[in-house]
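So, here come the structures, one by one.
Both of the next two complexes hold chain A, though its partner changes from chain B to chain C.
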Partner chain A sequence: MSIAVLLKQVPDTTAKIAVSGGRVDQGSVSKWSTSPYDEYALEYALQLKESGAGDLVAITCGPARSSKMLTDAAAVGVDSMLHVEVDTSEMDSKQIQSILAAAVKHCDADVILCGKQAADTNSGSTGPGVASLIDAACVGMVSEVSVDGDGFSALRGTPTGNERVVVSRPCLFAFDKAATELRRPNVKGIMMAKKKVIETVSPGDLGVDIGESGIKINAHDSPPEKPPGQKFEGAESVSTVVTKLREEANVI
Partner chain B sequence: MPFEALDFYDVDSLLTDEERMVRDMVRDFVDNEVLPKIEHACRDGVFPDEWRVTLGEMGVLGAPLKGYGCPGLSYTAYGVICRELERGDSGLRSFASVQGSLAMYPIWDFGSEEQKNYYLPKMASGEWIGCFGLTEPDYGSNPGDMITRAEDMGDYYLLNGAKMWITNGSIAKVAVVWAKLDGVIRGFIVEDGDEGFYAPEMKGKHSLKASVTSELVFQDCKIPKDRILPGVKGLRGPFSCLNNARYGISWGAIGAAQACFDSAKEYSLSRIQFDHPIASYQLVQNKLSWMLREITKAQLLAYHLSQKKDAGNWIPEHISLAKMNNVDIALEIARVARDIHGANGVLDEYPVMRHMANLESVKTYEGTHDIHNLILGRHITGIQSFTRDLS
Partner chain C sequence: MVEYEAPLRDYDFLFNEVFDVTPTIKRLGYDFDEDFLSMLAEGWADHAKEVWLPINQLGDRVGLKFENGEITMPQEFKDAYKQGIEGGWFSTSTKPEHGGMGAPIFFQSVIWGEIATATNMAMSVLPALTLGVYDVLNEHGDQVLVDYFSSNLAQGHWAGTMCLTEPHAGTDLGIISSKAIPQDDGSYRVTGTKIFITYGEHDMTENIVHLVLAKTPGSPEGTKGITMFLVPKYLPKDWKSGDLDGLSHDLMQEHNGVTCAGSEEKMGIHASPTCVMNFDNSVGWRVGDLHTGMKLMFQMMNQERLATGIMGLGLAEIAYQNSLAWAKDRRQGRDLRGPKDPKEPADNILVHPDVRRMLLEAKVNNEGCRALAAWTGILLDQMHSDDPDEVEYASSLVALFTPIVKAHFTDVACETASTCMQVMGGAGYCTEYAVEQFYRDVRISKIWEGTNGVQALDLAGRKITQNMGKNLRHLMWPLTEFIEENRDIPEMLEFNKPLHQGVRGLQQLTLLMIAEGQANPHFLAAGATDYCRYFGNVLLAYMWAKMAKKAMEKKGDPFYDAKIASARFFFKRIYPETVSLAAKIQSGHKSVMEYPTEMF
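Presenting the complex of A and B:
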């Protein structure tokens, strides 16, 4: 049995997002990156692999451009890559979860790591959804995971402090910000990545019938522009500033 | 936030996926580990040892060499590595240039099988630092008249003489030293700890302050017989090394220029004078446009040269042109960038004055600007103008 890490390619946090015809204009996104929480999942997946927990496969579900992210993952040490090539832009979370669950089964993986949410949709449902479909234990908000006997020990943040959870296979860890950043590749890894072949399949190849989307997106909108800053000078404006901080900014 | 380098003509789109991945790797290293420390390193006059370790871990030392623990990347990738390192600091790029092109390359090309197996893996990993001893106190542009001599003593060679301006000298485990044996220039591998070998550091530089520069002194220095480089005689040896290092510099200078352009652009957009950002004034825009123009031309020059280098259809004069031009424009861009920053430009809060001071050295080392002009002049006319009989 192997380890799988689920990766999603999202617009880079530095990229400008334009909306055209009620949809995010993907063609105008200058740079795509791996979703940041997924990068933490990848780092800890590599650590589990290095601890002998199994071979590591990186899985993504998305359009052709997503394959670059899998090559980047190969450069830091994943053993194999599976790309379910499909346009996900009009899919709902459940459809994507069913594809990823089938991909996980296809790879014979029973330890799955992913980010707690993607940086573009912020839905947060992929980890729990996939865990439910493959009947795996699900641990969310994870900041650390390691091999513990036959199972795994994970640290997760809660509002009142940290909680340590021990689970056995099959299990899924959805990562929050973690202590260790994703490692940098090296030249050897980059040259190896070039030789690794990405297995590219369609949802049909995996035997998944994703059905119809249960959700219809009406329209995307850019966030409203921030109103300009207000400037106050002199002691006499203190009461005005306090009132505004309390009633408009809601910070005191 | 990762650095977004000026690339007006999208020249990096011509790179292979592998070369782009190497670029991103080195860029990440410079953003996260070099730039936060560079000003301290310059003030203290040290090359941080952790950079040596990380350069070795990344596998970029001796990048275009193949075998013996070296990755065998393209020369284009090597150029990209130099550019990204020099965006951080010319001293950092100098470290990598000297290690890969000047110390590892001659062992790789002219060394015995035993020498390659013994030295190269440890140099590629960064465990052993190398340096290159060619320039002498009285022989810079004219290395052919060097004084350093080797004498065959039967069981060993005896080395006497001195080298100067040697990057990495005091921190090197391995020195590739060029000396005359029976009047012919030969390469010798000298190791730290060899009897009669000293490498005092040269202090007081206003340039390349994060790079170690040393003298190499040989006083009856005994070198075992198996430490001569068997594969080359004459100036072709050191010049082959310099061709590779100069090639890397032609890319590296672009990195320094990009850093200065970026800083000047950001500064001019945020600096308000006479109620408006200075970027809104025509004089400043003219300077920024000129920088963009020269950087774009330099990028195209370096990229085309890299294709010739990888295809093997290059001549040393091609490299002379690129080294001379790209360092020249980088230095001028650094000066204009300092000007745009006004008084703030002299502070180490901004990288421009550091790059400017560094590039003064880069203009002079590895064949001075003027010497490269003479190399091109000889190529054009067929007449050498380096020397003449004035008697």
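Presenting the complex of A and C:
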């Protein structure tokens, strides 16, 4: 059995997003990156692999451009990559979960790590959905995971603090932001990644009938523009600032 | 906070779209594709931004410590250098058998170089020099020397320097007095003093490998009598005499008679040691044949000249990015045609034509220089082709471009850094904002590796007539072809026509320089700097016309539309300086040379 990390390629957080004809114009996105929470999942997946928990496969489903993200993951140490090449832009969460669950089974993985939500859709449903489909324990809001005997020990945030839980296989960890430093690819890793072959399949190859999307996106809109910042100078403005912080920002 | 984003989108445009590098590099035998290039570039950009950039200002303010003949570098620099070795970032283009990655040269020379110097110029010089020593050694050193030194140099564990200048011999190396006395065991004993030795002494690496120019007894006078020697700071601990075959890489405690007598206090690059080095009966080995030292050193020097030009680009880019970030936040005055933001007390300074002019000059020169750097980088790889015609073509163009890349890029970079300070007004002059550091750091680039005046003389006096004029012919062929191809394309007219005029002007000025220069060398020398700048402008014009042509294929996309607008700015607001440059060259040398010397 092996470890799988589920990665999603999203517009980079620094990229400008243009909306055209009621849809995000994907062609105008200047830079695509791995979704930030997924990066923490990847880091801990690498740590689990290095602890001897199994070989690590990186899985994504998305258009052809997503394969670059898998090669990036290989550059930091992922053993193999599976790309379910499909246009996911009009799919609902359930369809994507079906594909990923089939991909996890295809890779014979029983420890799955992913981000708690993707930076583009923010739906937060992939981790719990996949866990449900493969009948695995699901631990959300994880900020740390390590091998603990035959199972795993994970630290997860709760509204009142942190909670440490122990789970056994099969299990899925959905990652929040973690305190760990993310590793950067080195030249040797990049050269090695270049030689690794990505297994590219379609949902049909995995035996998945994704059916029709249950959700229809009517339109994307840009968020309203943020009001400009306000500047205050001199001691005489302190009372104004305090009033604004209390009454407008509600922070004191 | 210092801003910097590596221009990865620009590299993608240049290497993949304008120059379509992949087929060329694959043909040269590399296992290479676009994704690999982008991974290497992104990987290095992340590393440099996260490891090198945060300590750049610290290096400037704390600098290095010279005490009792030893130089101590800031601990942060030592840690960052170690991380660079661990990441393999100093060995992308060195050979796999030496622990290198064997990637194409253009990555290390252009992309690595620009990002390295932008994020930490003082640090960047060390691996760049080491790579130069590695290359010369591998091409010309005896196998025993190659075997002993290459792996440690290739991976950055040991550092390299070039030791040319002496207190009385700078540009005129023919009068150096360093001596090398042959020994019965095949080695030499080298004695002499060298000055301005970058990273001559430091504690970043276990050993420092100096390439020293010296003369053996009975050598011919002048540069023809100079030989190159490899002199390590430390010898192997099991060395007794003779060569280094099979010896340990553990080193002696005592140095090899190589001492540092001091480090210069400088205007910039405070964390880059500039040393006075004494070689006192130091054990060394000859590199290459007797009396070929100048030729070999010039191989390394030419590599460093290209690196210096790209260094100018790196600093000009980071200066631009920081002045732009500042300008975007700064509100002063109103748009002369009426307020742009009436609700604000003042408009953003980007409404002011003169601020826009300054920022555009910086941006457009940077992007033009980057394009020429990209082309030159690809030619460096083509110089290693199996096809002799391709080698001859690439070598000719690299020879021609080297003084232009060095001089034009660094002249423009110094102007750009100054202009970027100007954009920021008083803030630009304050140390809180890093642009003043970039201005101080970049200034050396006009001076070292042969002053820009020397580069201009090299271009006008040597490179244009070298190889029976082949250097120039290899340039004129693609230039003329491009002009012809685009002659009847209406959209290209605004770029192609001035390019054609500039090329014709260049041909006329070249003939003038050769003809008048033969009759009177003062004519050639007095016009050389202006000729070099004219040439640089024509090459950038070619680059901008090529970029505009490519960008037209994707009109409507903001990135490509900006490229066309930048090309327009170049041809309207930068390129016209060729008219005054031509007038200055044509005016000849008399106003310069007939001025009474005693009145200076």
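To be clear about the criterion, the second predicted complex is superposed on the first by the 226 of 252 C-alpha atoms of A that agree within 3 Å, B and C clash if a C-alpha of one lies under 4 Å from a C-alpha of the other, contacts with A are read in each partner's own complex, and residues count from 1 in each chain.
Definition applied: a contact is a pair of C-beta atoms (placed from the backbone, for glycine too) under 8 Å apart; a residue touches a chain by one contact, two chains touch by 3 or more.
Fair warning: this is a prediction, and the values are worked out from it, not measured in the lab.
A.B. asks: Under the superposition described at the top, does placing chain B and chain C together on chain A give a clash or a fit?
C.D. replies: Result for chain B and chain C: clash.
A.B. asks: For A:Ser28, using the defined touch cut-off, is the partner it touches chain B, chain C, both, or neither? Pick first, second, both or neither.
C.D. replies: second
A.B. asks: Look at A:Ala75 in the shared chain and tell me whether it touches chain B only, chain C only, both, or neither; answer first, second, both or neither.
C.D. replies: So A:Ala75 meets both chain B and chain C here.
A.B. asks: Examine A:Asp38 and indicate which partner it touches, taking first as chain B and second as chain C; both and neither are also allowed.
C.D. replies: A:Asp38 contacts neither chain B nor chain C.
A.B. asks: For A:Lys194, select first, second, both or neither according to whether it touches chain B, chain C, the two together, or no partner.
C.D. replies: both
A.B. asks: Of the two partner chains, chain B (first) and chain C (second), which one does A:Arg184 touch, if any: first, second, both, or neither?
C.D. replies: Both partners.
A.B. asks: So which bits of chain A does chain B touch that chain C touches too?
C.D. replies: Common interface on chain A, chain B vs chain C: 68, 71-72, 75, 184-188, 190-191, 193-194.
A.B. asks: Within their complex, state which residues of chain C touch chain A.
C.D. replies: Interface residues on the chain C side: 9, 31, 35-36, 38-40, 42-43, 46-47, 50, 86-89, 91-92, 101, 103, 344, 557-559.
A.B. asks: If you look only at chain A, which of its residues touch chain C in the complex?
C.D. replies: 28, 30-31, 68, 71-72, 75, 184-188, 190-191, 193-194, 228
A.B. asks: State the interface residues of chain A toward chain B in the complex, per the touch definition above.
C.D. replies: For chain A paired with chain B, touching residues are 13-14, 68, 71-72, 75, 184-188, 190-191, 193-194.
A.B. asks: Where on chain B is chain A touching in the complex?
C.D. replies: 1-2, 4, 17-18, 21-22, 25, 28-29, 57-60, 63, 71, 73
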